[in-house]
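Below is a structure I'd like to ask you about.
First chain written, first letter: the chains are A, B, C and D, and each begins at residue 1.
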């Protein structure tokens, strides 16, 4: 591997942190300066990062790690500071770079109570560092650290700027994730100690690429399954997968708008990213055996999330439950262990980020105006704030997986891939999942359109009919939303923007035995687990 | 043909593959322009429409006019390409049918049937199959494999291009007056544009995933336009219902397409899927399952029993929308899909040589069922809606019995006369501000002569009266069933006698319910109450315009409304002539026979099955016409004679006989008074017609429709909400979240318990310490 | 060797001391009980040292005695302090801090 | 009575006393501390109140001065290897030096914390620093002690002054009670420990740890190799360990800690919770790694039980605390459980277990002292240590709030704050061993870090999300020394977290068994 020690990713990761430190030194009263710095840092980073990556990233070789940097970090445990980007991480990094400045802009003139823009913006910038860091980390410990860095700012964002039940929600969010990551770190450590090359020499490394090359060879079955299980808990809770999802609706409902947006747009992806970057490439054999269970939880999530949505009376909570359902599709794609499924998952992550982000933005703006999100009391948004209403309509359409918009490309290929999962994964089981997932799309349409009907259609209720506060989207809202709306359409029409980038990386991350057929399969001398159908894991 | 030769671009791109080429006329390779233009128009209207003098309508009309022109050019280019492409590439003629890749493809159809159309055009070139024109670009990739987006242009596609653009143009024009003054006039036109774009995308789709995309997009436009007046809940309910019902069908679409994707070796390519299906490279089981799944999609989109219930509700949308989307174009998408993936369906349902198959059965059942339902509607649009369902049943049945051309031809003719009927109904409703035939119409022929005449013509076409368009297409369907041992015809793909009977019976039903509509709408006296304040039905007007109308008699509208009607009536009259049956005329004009079939059926292409074509028979045509006329006659007698007489007697405009038959004549009693009872016919008619209206059959059907089918749809919705609530409250919040919270409570309470041991007594602490030490010692010494 | 007898004596002393520490209410008595334990230790050390033939045991015992003296000094000071503030040296009443 | 006959010693064996060689450089830190301690006491005696303002500074200077020989020694032994004196009873190796540095620096921070608290209080001042220095001297000696006697002496040297420090507020019943409890439990524990030592001495006939260890592998009576422990050995080991388990407040020997912590002056509490506890661990580490290493079958299960019990009991009870100092006490119990965990696998993965404990102790010192510094600072305004008094701290003292947040989450082990690496190292060691019990312990550790987060985060939440009591938003005046302590601890916590190499390169130590 060519480590050319590129400074770029480190700059990308730590610039927000530097910005945050600078802001800490500036007195709280100087709000305008704080906003300017936050916007300059995040926006500048977006422009610079996007430009640099789009021009310098070698898209023809997007399966390879690029912009690598590799240096000593914690010598005693042989953990290194390795960062790099490939086609799987790139879309997610760009998404992060985009979402953060939009959140800053959105907050510009209405910070949630109790205001304090300084602290709020500092948290957002720290979050950005954590999120980018997670996506670029190529060392398990580094990944873990960044994975956790994200928790603190989000915890405070919910706990301080959240809704009435914020104390409960913030802690729940924190505890759940920490529980998962504690088991995850155990799994990482087990990998460190158990990974040995065919000659029996221990690898003793946390380097993700090196471990991927090792690919779980000569690890005992039970050890592999347990380690995968540990990572499953860590990533699965973050995704969140049924039945570890209960933190999500609470966190989303209580979080301030921007918090919800970041949570939905990026944070949930850290979990799914973990699966496709770490768990599956490193332990393909265990993944094969886990796949039916992951798939099962994924489809349960799809249906369950949808049913949860149908029961909601609160708009934001409904959107939160819809995340459970949508991330179910992503996980279903991942569980198939096929390029198709995982590409769909990568796409689904970006699409869900944009779409649910927009939905939360709109919900936040509705709350600003109506001071409630109770669906019963809303209605007639299209009459009172037509543009917002249309944007909501657009977002619901995108969210229900309308082809031509981004959501479709996360959903359909995921369902499709379930028809024909990887070698060793039961076709019968996954085809059943496929049908259930397809039913999930109907439910998705049901709850989303029902939401749209009850909030946007009809006449406004008397309570709000003549409320002067209810105005259409403001400048800041437009600016914050427009890029996401445009991207939803553009990605829907040109899916190859992401597929072509992610595909080589996804292919590289999957063990060749997962897809090999016939003679190739024999030539690779694949372990038995890839050959036989493992019914029910 | 000079125009087409101008556009002919003699590029020779790519190897010749069975049944398609990447070369061909420029316009055929670039049909992507057709969806693109209205798509851009959509954006333009959305963003700039409101600032324009005509609020965006001008952009919409300009775009549809331009694509209409392109569609016509494309058709002409296609005619030329169809006949001349092969001769230009004579050296490849052999390779065309059997390329290396598909060498196993055998065209095992009857040579005669293939050559039926090979009647030597002006050029006198050799007979050959049709060669589709393709163009494609990479859409996305996965697993290193690239998946294409592209256009597949053959007869079927260019035919549809014309239908869509033509109807769309007329509807645009019609709408400028019909929805004038509407609050969301601009949005209305924007969505018309978007719909047109989506529909055209669907038509030219070369891959199944692209097809799905367009399929969903038209659904969304339908949703948006049905719910155009979303201030009222019933409208948005109808929109939701339409969308959700279609989504249910889409499960089948997705699953079916996925099965085909993998069965055909990971491809979305429609041509390849068809080719492989026909070549027997896909297991029959897969094809059958896929075809059944796709059938579900057809049932929802094309309103086949039992997923048709959304379509009548969809009449909540503006009438021009109903004409365009819910009569002429979108609802035929299902039919179009069957035709597109005909190889799959043909093999999957074993259409050839069997007496019955699911598709034909569904089609037949739908056409009768919906025909019955049309009787009991008071809302003119609902009659037309059920009529559409019924006619879609014809098309599906036609495809189900292997009569591809007949089905497509019926789709073609139906588009014109049904659009004409809807627009006519819209014209009437625009005057009386209501769709209720019984309350608010009657005698309209006096006020609206143009509308009346065009409506009559379209009705004749629908009922299938010679020589109007519907006659030709319906007759072909009946011929195609191949089930007419009774009439001495030959050919066909199977022995679908049941379908034949159903089709003929349907013709009678059609005649009857349309006669009823004609009477209730245009005859009798105007029943509109002058100060009728119900604004709920026609929202096309702003309130002030509405009031201005209120105290005036209805009157004919301006050219924006009448010209489309006249054009459509013209088409309804003449368009049937494009596919005159073989043997109908002889001599020099013989080549004018079967033009539709010749140009539009992708014959002899490897992606299209070798279907057998029946020979028409005069007997059948006459018999079917007579049955149809019988239906008309019965209804005529009931309404135009009995009801009319009674009305005059009572001095008011009746809609039904006030004292319908309350007692049934027993068969025996009827038998012995058969010839002598002077009111026998009266009774017969009233029994049949009024019985159809109010009596057991139609009523039962309607009851079933409303209380079982429709209630099921609603019930499913309601049940999911209840299930959702139950899951959420009892499982999510109680069990799962409860477990989480419980673990917290248990920890906390344990903590509280342990805390009590910390009671501040120092000697107790000392005791703990020593006890701990001894306990540990005990454990380690005696246990471990 | 009489080792076992010494050890037994030490063990008894130890147990008595522990019993005293845990049960005696009077602070001074508790301190004395601790002294008993320490002396049990000393007996052990000396006995073992003798048994093993090394002077280290005795040296250790000397350290213990010295340190114990210091400890008891502190202990008495604290008991005195409590008596000054509370007018009682009943340890069972010293339970202000708990929970 | 014939003493020699009784002792079984031939008179000829009693050799003349010769002064053992003394490596003055090696004992220089102890001597300097001793000097400053004596000096402080003398100044107090001579100048009485007049020296008040200098004593704290002098104590600080003394501690910093002690760092000098520690650094030179560190340089020295990296070249020449560890220094061993008194037949192996006193050893200066990497472990000893890093721990000494930790003691000195912790002590320095405690002095910084004490300066204003003691100065502004109504109590005698100079003695305080003298006692503090004596106690630190005990710790510093402890780090080098590899002999039962010297460990015992060091233990008492560090304990006895701290009993007095805990009782510092002479007129406060709480302080009296705190001191009494600490004293009584400490003495009781040390008595039990001594009993255990006497048994071990009896079995091995030695007090030098390496020799004790060597003797543990064979039966003292038969000389056969021991496949498992004998009851007397087990009893001895357990009793010795109990003595130190008391010191580190491991459950079930922790009951003194909450009461003492909440009654003692806050700087003293910080001292007890950090320096004194670390000293206990140092002793445990030396005993386990040098003295009992051969008897992993005894100390591993013992440590497992202690670790698990401490984590669970400490965390669960902490959930229900209403006083921040008591909360810190219980959290300290749980933290002790974490630090004990590697000892439960030390028999198999000694190196990793050792370096993980050393890392943990160093990081723990920084974050725990920092937390006490904030508590101290906040109490300057609120005059209370109830958790509620932290409400809304962010609204009037944002700097303190951020610092407290950092410490709380560092204690909870959230990256990138220092504590994560400490916990990580523990996991690392436990997983490296990889046995069923080890993994089970790992899972227990994982679950407990979640429970711990609950109360740490609850504190942080109060600071940020709640309203200040009575809406009183007057800022807190923080004296310079306290600020310095805060800055030192915050920086250390962050640096340890971001660049764990900065601490791990020092803590990856070898423990030299000595002579």
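Criterion: a residue touches a chain if its C-beta (ideal position, glycine included) is under 8 Å from a C-beta of that chain, and two chains touch if they have at least 3 such contacts.
For clarity, every value in this text was computed on a predicted model and none was experimentally measured.
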item: Between the pairs B-C and C-D, the one where more C-beta pairs touch; value: C-D
item: Separation of subunit B from subunit C, taking each centre as the mean of its C-alpha atoms, in whole Å; value: 99
item: Subunit C-subunit D separation of Cα centroids, rounded to whole Å; value: 24
item: Centre-of-Cα separation between subunit C and subunit A, whole angstrom; value: 64
item: Averaged-CA centre spacing for the pair subunit D and subunit A, given as whole angstrom; value: 43
item: Residues of subunit A touching at least two other chains; value: none
item: Subunit D: positions in contact with at least two other chains; value: 180-181, 184, 188, 192, 258-259, 454
item: Multi-chain contact residues (two or more partners), subunit B; value: 755, 758, 760, 762, 766, 770
item: Chain pairs that touch, as defined at the top of this document; value: A-B, A-D, B-C, B-D, C-D
item: Of subunit A, residues touching subunit D in the complex; value: 28, 72-77, 119, 141, 144-149, 151-152, 155-156, 159-160, 162, 166-167, 170-171, 174-175, 178-179, 182-183, 185-186, 189-190, 192-194
item: Of subunit D, residues touching subunit B in the complex; value: 180-181, 184-185, 188-189, 192, 229, 231, 234-235, 238-239, 242, 246, 251-253, 255-256, 258-259, 297-298, 301-302, 305-306, 313, 315-320, 451, 454
item: Residue numbers on subunit B that touch subunit D, as the complex places them; value: 744, 747-748, 750-752, 754-755, 757-758, 760, 762, 764-766, 768-773, 776-777, 779-781, 784
item: Contacting residues of subunit D [partner subunit A, same complex]; value: 355, 394, 398, 405, 409, 412, 414-416, 420-421, 424-425, 427-428, 431-432, 434, 439, 442-443, 445-447, 449-450, 453-454, 457-458, 460-461, 464-465, 499-501, 504-505, 507-508
item: Of subunit C, residues touching subunit B in the complex; value: 18, 21-24, 30, 91-92, 94-99
